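Each chain carries a letter (A, B and C) given by its place in the written order, and its residues are counted from 1.
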Amino acid sequence: MSAPDPSPGSPLGALIARDIRLALRQGADSMMVIVFFVLVVVLFPLGVGPEPAILGRIAAGVIWVAALLAAMLSMDRLFQTDHEDGSLELLVLSPLPLELQFLAKATAHWLTTGLPLIIVAPLLGLLLNMAPAGYPVMLLALALGTPSLSLIGGVGAALSLGARRSGVLLSLLVLPLFIPVLIFGVSAVDAGLTGSAAKAQLLILGGLLLGAVALAPWAAAAALRQAAE
Amino acid sequence: MGQFTGSGLSSFRGQRLVFRGLDFDVGEGAMLHLVGPNGSGKSTLLRIMAGLLPVIEGQLRWDGTPLAEDRDGHRARLLYVGHADAVKGALSVTENLQFWCDMSGGGDMAGALERFNLGSLADLPARFLSAGQRRRLNLARLAAVPAALWLLDEPAASLDIASAAILEQAIARHLADGGCAVMASHGRHPPDGMVLALDQYAGNMADLGDPVL
Amino acid sequence: MHRFANPTRFLKLISALQPWAMGISVLCLATGLYFALIVSPADYQQSETVRIMYVHVPASWMAMFCYSALAGASAAGLIWRHLTAFVVARATAPIGAAFTFLALATGSLWGKPMWGTWWVWDARLTSVLILLFLYLGFIALEGAFDDRSRGMRAAAILAIVGAVNVPIIKYSVDWWNTLHQPASVVKLDGPAIQSSMLTPLLLMAVGYTAFYFWVMFVRVRAEFNDARIQALRLRHSQA
C-alpha cells in the first residue's frame, strides 16, 4: 500500500507550495541566480577601479541593477515549464481564478529568488564599501522593490511565453517598466546614506508595489489565456 | 447531471477554416466520439468545448445556459485530458496527483492511484516513469476528481492494452453515474455510440466572402 | 464605430480620407514651417534656437498621441476582436516610435544651447525614453511569435499596460522639480504663450497629426493588400 496521503491543502496554498517545492528540488536554479548576482557586483570594482570612495558612491545603484538583472534570469522559467509540459492549460481550466494563481506564482518566485537576493545584498554592500547608514534602508527598499519585480517580471514572462528569444524579449519588456522602482529604490538608499529621511521614497515604493499587486494579475492572466489557446 | 450542446461552431486557425457550422448534443450518460483525419479539428473542437479557445461563431450551452454566462461553473464541472501529460518530474507520483486534487478542491487521490495501477509507484519521482505510466498518472485525475463533463483528446495514446481497458472501465463508470464525455480518437476501431465526423464540417475558403486577415 | 470593424468599409473610408490627410499635412507643414522659421519672432532669451521648439514640441505631443491611439486600438482589438483595430495598432507603432525619437533628438539639440547639456535624467526625459522603449517593446513582441495573431494580442496587452506612462509624462513636469519647462500650452486656464508663437506651433501640430493619419492610412492599406494577396494565393493552392 502507498505512503499516507499528504493533507489536502487550499488551492492557493497548494500552488505556492508546489512551486516552492519544485524550486527547492531543482535547487541549482536559485543558486545560479545568487551566484550571478554576486558575479555582476564583483565586476564593478574590477571595471571601475577599487577606490573605496567611488565604490561607496555607486554601491546602491550597482546592487539594485545587479539584483534586477539576476532576477530577470530566473523570470522566463516562471511559466515556461508549465507551458511545455501541458500544466498551463490545466491551470487555466482549474476553478481557482487565474489572477490569484498568478499572485501565487509571483509569491513563490519572490520567496525563491527575491528573498535570497535581499539576504545576500548586505554582503555585497561590504564588497562595495557601502557606508553603514545605508544598510537598513537598502534592505527595506529591496524588500519593497523585489516583489514588484516578481510581479512586473511575471507579466513580461506571461507575454513572451512561447516567443522566439523569449529571454531577451522578456528583459526588453520588463526593464523599462521597472525603471520607476529602480529610480526610487536607489534614491531611498542614497537618502539613507546622506542621513536624510527616506520615508517619501519608501512610501512611493510601497505604492508602486500595491499598484503592481492590483494591476499585474489582470495583464498576466490575459496573457496566460492567450498562451494556452 | 447535465446536457452539453453546441450549435453553429466554427474554427479559424492560422489562416485556415478548420470547420464551420458544427452542431452537437451530448446528454447525461452519453459519450460523443469525434472522428476525422488529422487536421480536421478534433483537438481544436475539444479546446473550444473546454473554453481554452474562444467561441468566434456559434454557441455552447450547458443545460441550456450559454457558457459565456457561467465560465467559472464550466471550469468547475469539467476535466480535460490533452496531448501532454502535465507531470512534474521533480515531484513524486503522489505529489503530482495530490496537487491536481488540491487545485480542484479535493478528491480521492489514493483510490485513483490504485485504480490506475500506480499504487506501487506512489513515492517514485515522476521523472522515472515511462510514457505509459505518465499517461496513467494524467488519467488518474479522472478517477480522483468528480466532474460532470470529461473532454478527452486521444486519451489512450501510449497506453498498453491492460491500461486501455482500465480507462474504458473508468469511462463506463463515469457514464453510468450520469456524467457525459466527449472523446477524440484516431478512429482505428470504429467506436459505438454517438459519432461526430468532423470532415463533413470542413470549411472552404471560398465560402468566406472578402478575405479575412 | 463598430460599423468600421468591417474591413471593406474601413478601407473605403480611409481611401477617401487619405488624399485629404496628405493635403492638410503638406499645407500645414509648409505654412507652419514658414511661420516658424521666418515670420515668428526670435525669443529674447534664446534668440534663434527657440525655433527648434516648433519641431520638438509637436513631436512630443504626437509621441503621446500615437501611444494613446496605439493603446486605444489595442484595447478595441482585444475587447471586441476587431481585426481592423489591430491593423491600425500595428501601423501606428513605428510612426509613434519615430515621433518619440524625433522629440528626444530635437530636445537634445535644443537642450545643449539652452541648458548646457545634451541630456539630463529628469522625470520628463526619462519617462519619454521609457515611452520609446515601450514602442520598441511593442514592435518586438508583435513580431516575436511564429503565430502572428498571438504576437499581436500579447503586444496589445503590453500597449495597454504601458498606457500608464502617458499621464506620467504629461504631469511629470508638474509633479517633480525638473529641468524641463513646465506646461505652457495645454493648461486648464488656457495657453500661456503669445499668439505669434502659438500659431506656428498649432500649425505644426495639425500638420504632424495629418501626417500621422496619412502614413497610417498608407500602412493600413498596404497590410490589407498584403493579406488579400496571401489569401488569394492560399485559395489558389487549395482549389
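In this text, a residue touches a chain if its C-beta (ideal position, glycine included) is under 8 Å from a C-beta of that chain, and two chains touch if they have at least 3 such contacts.
Treat the numbers as computed from the prediction; the structure is a model and nothing was measured.
Enquirer: What chain is most central when centres are computed from CA atoms?
Expert: Ranked by how close its C-alpha centre lies to the overall one, first comes A.
Enquirer: Please give the pair of chains with the highest number of C-beta contact pairs.
Expert: After counting contacts between each pair of chains, the winner is A-B.
Enquirer: Please name the chain that ends up farthest from subunit A once chain centres are defined by their CA atoms averaged.
Expert: B
Enquirer: Distance-wise, how many Å sit between the C-alpha centres of subunit A and subunit B, to the nearest whole number?
Expert: Once rounded, the distance between the two centres reads 36 Å.
Enquirer: Averaging only over C-alpha atoms, locate the centres of subunit B and subunit C and give their separation in whole Å.
Expert: Here subunit B and subunit C have centroids separated by 47 Å.
Enquirer: Just the number, please: Cα centre separation of subunit A and subunit C in whole Å.
Expert: Centre-to-centre distance between subunit A and subunit C: 33 Å.
Enquirer: Considering subunit C alone, which of its residues make contact with at least two other chains?
Expert: Subunit C, residues with two or more chain partners: not present.
Enquirer: Please output the residue numbers of subunit A that touch at least 2 other chains, ranges allowed.
Expert: Where subunit A meets two or more other chains at a single residue, that happens at 229.
Enquirer: Two or more other chains touching the same residue: where does that happen in subunit B?
Expert: Only 54 qualify.
Enquirer: In the complex, go through subunit A and note every residue touching subunit B.
Expert: 1-3, 5-6, 8-11, 13-15, 18, 21-22, 25-26, 81, 84-87, 89-97, 228-229
Enquirer: What does subunit A use to touch subunit C in their complex?
Expert: 155, 159-160, 162-166, 169, 172-173, 175-177, 179, 183, 215, 219, 222-223, 226-227, 229
Enquirer: Where on subunit C is subunit A touching in the complex?
Expert: 78, 126, 130, 133-134, 136-137, 140-141, 144-146, 150-151, 153-154, 157-158, 160-162
Enquirer: Note which residues of subunit B are touching subunit A in the complex, please.
Expert: Touching subunit A: residues 47, 50-54, 72, 75-76, 78, 80, 82-88, 90-91, 94-95, 98-106, 109-110, 113, 119-120, 122-123 of subunit B.
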